[in-house]
Amino acid sequence: MDFRSDNVWGASPEILDALAAANSGSAGAYGDDDWTTALEARFAEVFEREVGVFVVGTGSAANGLALSVMAPPWGVVYCHKDAHVEVDECGGPEFFTGGAKLATQDGKDGKLQADALAPAIVGKGFVHAPQPAGISITQASEAGTVYRPAEVRALSELARANGLKLHMDGARFANALVSLETSPAEITWKAGVDLLSFGGTKNGCMAGEALLVFDPDLAETLGFRRKRVGHLFSKMRFFSVQLLAYLEGDLWLKNARRANAAAMALAGELEALGATLAHPTEANEVFAQLPDDLVKRLEAAGFLFYPWPAAGAGGHRFVASFLSDAEAVRAAFRRL
Amino acid sequence: MDFRSDNVWGASPEILDALAAANSGSAGAYGDDDWTTALEARFAEVFEREVGVFVVGTGSAANGLALSVMAPPWGVVYCHKDAHVEVDECGGPEFFTGGAKLATQDGKDGKLQADALAPAIVGKGFVHAPQPAGISITQASEAGTVYRPAEVRALSELARANGLKLHMDGARFANALVSLETSPAEITWKAGVDLLSFGGTKNGCMAGEALLVFDPDLAETLGFRRKRVGHLFSKMRFFSVQLLAYLEGDLWLKNARRANAAAMALAGELEALGATLAHPTEANEVFAQLPDDLVKRLEAAGFLFYPWPAAGAGGHRFVASFLSDAEAVRAAFRRL
Amino acid sequence: MDFRSDNVWGASPEILDALAAANSGSAGAYGDDDWTTALEARFAEVFEREVGVFVVGTGSAANGLALSVMAPPWGVVYCHKDAHVEVDECGGPEFFTGGAKLATQDGKDGKLQADALAPAIVGKGFVHAPQPAGISITQASEAGTVYRPAEVRALSELARANGLKLHMDGARFANALVSLETSPAEITWKAGVDLLSFGGTKNGCMAGEALLVFDPDLAETLGFRRKRVGHLFSKMRFFSVQLLAYLEGDLWLKNARRANAAAMALAGELEALGATLAHPTEANEVFAQLPDDLVKRLEAAGFLFYPWPAAGAGGHRFVASFLSDAEAVRAAFRRL
Amino acid sequence: MDFRSDNVWGASPEILDALAAANSGSAGAYGDDDWTTALEARFAEVFEREVGVFVVGTGSAANGLALSVMAPPWGVVYCHKDAHVEVDECGGPEFFTGGAKLATQDGKDGKLQADALAPAIVGKGFVHAPQPAGISITQASEAGTVYRPAEVRALSELARANGLKLHMDGARFANALVSLETSPAEITWKAGVDLLSFGGTKNGCMAGEALLVFDPDLAETLGFRRKRVGHLFSKMRFFSVQLLAYLEGDLWLKNARRANAAAMALAGELEALGATLAHPTEANEVFAQLPDDLVKRLEAAGFLFYPWPAAGAGGHRFVASFLSDAEAVRAAFRRL
């Protein structure tokens, strides 16, 4: 019952098996290997089109690289005030971009809304003003909610109308996808997303992350940029093969469904015991305001979870993972 | 007989076993785990003193971080003209440091020499001049040679006399160590090294790299810097455990000895067939000028290796790895 | 009646005379001249203590340099949402700092308030969070108001309590000073200000700007930083002498009093004709909501001024300068 | 007889007169003024074509901006080992470019030579290598020599062949121009120069510098870049008018001829007294090896000049200025 983060758990056995299988013979370094080639083809299938694939080591690296091709050093990227790029990367986006500015917006349930954002996009072409350059959204959001295709489309239309690019931070992309019951294509490039940080680590990889690029112009400099930040792994096969195994046989979707179901169970059980959800539970995270005694009972029963002031008075966060189990959650609550 | 690079081979079985063993239960993310704690203790033993340990994903990241705490954005780091930081990181050091300058020096057999370097260190305190800040050397060097403790000491004394810090890029540190038959402490901090990029990837890890810091003042900002460049891995246990296994039972030294022995065998066989060594073979790399017909015979026999113009007319590079075998090399030459 | 900006007017005759007087004989370049030495002494008198003086060409350069020594590249500087550093420098602060983040706060009448700011200062020492590093305020503010000494002190106490530095952007410092009827010392270092961008350009110089540093530790790297951004002028005497003449015989205070008086007259006349002030007029800028017909009458009479949406419906800005004249303003309104 | 630098002297009276004349009435700020518009037209005449004009405060700023549009942060700019951008700007180019690398070459008499440079341009498209991006030359050079049109053309052809841009640092452009007896067009864009740092400060302005852009594509982002580094002056008229006056009536050429003639006289007199020129005297700088007793005699006679180790044993530098006078130089030597 460790719900501190989906990062506290290890990797799916399939990922380990794939690593072992890839550990044979010599292969070209730095991505010149069969696994990386196969991964590129696999992503093209999954997303139903050609896509630029840049395997990196962390989601922060994928995000930073994405923003660095969206925004010049004097550019502005609009994001939610709780966005990972804003609050959890120690200034990484500013570093990768050479100084671009993140302009934050509030937004219900962790989501940017196109109509609320529109008036904030100012100064284009005015030499004194930082220049509007991009929008970055997180799917699933930092509040455990998911953007509907129509919401993404509204943002991409706003972006297009202002000459901006749209980035999706998909650290929990699989969780959002199974929640929406839509296709990878529908919720990304068909809705106007230009760049996707495709995250596998939280959902069962050891370190499986890639920046996917749907706008070929944006891919031009990414090879150099990735190298320069130290994310071009010499034995890249061991990173590519994780993502291959992650996509193989829909492991990613199975893992995500399991995590989401456990989160849903958690949410239901917490509400039944007097907790109030701060946001709808739409992926694998639960944000809830808990009575003090409930916190104590859960802690006494060995539950691990973090206080979360942003979720309001008594706010706490629970993150279910690919190893969580809805039935086990319910059983644990029965034993409280 | 693939001698293109030590990066073309996979990982030691011990590394894979360690990954599998570490894949159990939950653990704190971002380095707050038992494996990372154990690794810090292990490095302290190996180096016979307290040492700051910053696990990262690539040697380029370790190098970039090292330089970023040695040199301000207007600083100068002196290095050999063939140094990896200069020619093989796509401007990474300039990125990590925010614009510091690499001032290159030539030097016999890939090594900087203190007396030749001394006159180049100019401009300290002069507001117009980029400011001397550090020296970076590669051990084993890019020419396959190794710095003796006295050579390192001469450079560190030059550094101290000028208020500079000394960094060692140890992408092939193990190969140098077994070649020198000295201790990790003797060839690093006891000889005046302030920062060591400790590389395990080329010598048997999947991605096992750490920046080791012997001068505690230099470690102060590294936590933030590592996070900002996207090298603070959420499931860090899987990186730390690789280095633990690498050090365990002297796997690192065994692997390096094997690679070095194979390189030595290669060098001998090549010379016997008319090749001229461009540099002494002191670690796991052989740089040699080959007659055309020898190149053809080797290629016909399935040898893989790269032309290396820097090694002179007919120059080629052969890199032996932890999977190479001196006896097999000799046998392959007998079959030529 | 050109109230578009205090930048649209030229320079005080005293400034031109001083330039001519300084144009004789040879003098050390890059600040090694008598005028610069005299300026340093003069600033020490004016501020009643030793002060580091870094002459630069623009206020943006002074601000950028100030922030660059307050905040590391992963630092956060708190400022008002309308601050010049945030909205009017095309990302300069991010560039000078190597990527620090400006975290904006709203605040009545263009001013940050300590108690409202306090809860926003979070994440100190937490490796994932951009690191709180400084506070920047503008005196007079972008809303034409001035910070009282007690308000500055409250902010500096908040800064100290959190290990932050306090910067004052004094592009209109003289206007604030004469408005407050206090001393330069009282409103800066005695109230806890660490760095002051001392602006002379808007108030009668051609290009007279200096970064003044009250915390000697912050001055250490500024010589190198100024050079690196191209603001170490070779013929610095021509910049230093402008500030000398500006301070001589209290020219700066006279100019500022004249501008403020004209602004006060403007505010009164506008209100008398039905305008509503968006903020109190405390320095040389008037922000007011004007009925449409008043706008037309003023334009027809040759008044120049900018619409200013941030000042609300019908919002406009009028900036009086050192060449404005309160009586002439009143006369112009009588002629409307 | 102050020959320390051309920076130690003030400004031509014409420049001061022009400043005074421009100090009347109101004018748009930030370059939206008649003087700046006139300057753009004037530069178009002088260079016989449309040219992008970016007025800045220092030559370092012009150089930094030029390099920032030639080279990406992972780019390489080739320059002479003694180039101002390499040794005298405290890392400014690295700052303005976000980390580009200056790769230095030696070259006789301070000049890059196309055939010697060619083999150094390596790694284009190779993801590990910093990317060749530009060439920067100084006209007149740091050795007091000048590039002939054919020499510039050879370098621009090399640049074109490798997809690089060519920048000319013209801090002493006028001195080179009158030395060559050619036209501004012939020695710049007609010879393949893409960007010119046009310097007026050393030759009679107070602070008169502009970046001229012959390749319109390179101008696109320069407005933002200039603003971001704090070089968009609010009262730009006072900078533009200096350059207008500098070009008016060929003041710039007259000043340069005077300086060059004085340098020629200096060189002749020094040689006559046993000095050896380190480089041909082709503009306004003399580099010579002086016998010790000649140094003493000159110092005793009140000559000011700097020792210059790079000019060899007994090396010294003398810089003549727009206020120097060849006849007065000869007279001073007669009085020795």
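Lettered A, B, C and D in written order, each chain numbered from 1.
Here is the rule we go by: a contact is a pair of C-beta atoms (placed from the backbone, for glycine too) under 8 Å apart; a residue touches a chain by one contact, two chains touch by 3 or more.
None of the values given here were measured: they were computed from a predicted structure.
Undergrad: Chains in contact with subunit C and with subunit D: which ones?
TA: The shared contacts of subunit C and subunit D, listed by label, come to A, B.
Undergrad: State the chain with the largest centre-to-centre distance from subunit B, centres being mean CA positions.
TA: Max centre-to-centre separation from subunit B belongs to C.
Undergrad: In angstrom, rounded to a whole number, how far apart do the mean CA points of subunit B and subunit D lie?
TA: From the centre of subunit B to the centre of subunit D is 42 Å.
Undergrad: How many angstrom lie between the centres of subunit A and subunit B, each centre taken as the mean Cα position?
TA: Centre separation, subunit A to subunit B: 34 Å.
Undergrad: Suppose each chain is reduced to the average of its Cα coordinates; what separation in Å results between subunit B and subunit C?
TA: Computed value for the inter-centroid distance: 51 Å.
Undergrad: Can you list every residue of subunit C that touches 2 or more other chains, as numbers and ranges?
TA: Those would be 30, 73-74, 89-91, 95, 98, 127-128, 131, 224, 227-228, 232.
Undergrad: Which residues, counting only subunit C, touch subunit A once they are in their complex?
TA: Checking each residue of subunit C against subunit A gives 73-75, 87-91, 94-95, 97-102, 123, 127-131.
Undergrad: Which positions of subunit B touch subunit C when the two form their complex?
TA: 30, 72-74, 98, 127-128, 131, 221, 223-225, 227-228, 232
Undergrad: Can you check the complex and tell me which residues of subunit D touch subunit C?
TA: By the definition above, subunit D touches subunit C via 2, 4-5, 7-11, 13, 16, 19-20, 22-30, 56-64, 89-92, 95-96, 201-202, 206-207, 224, 227-235, 237-239, 304.
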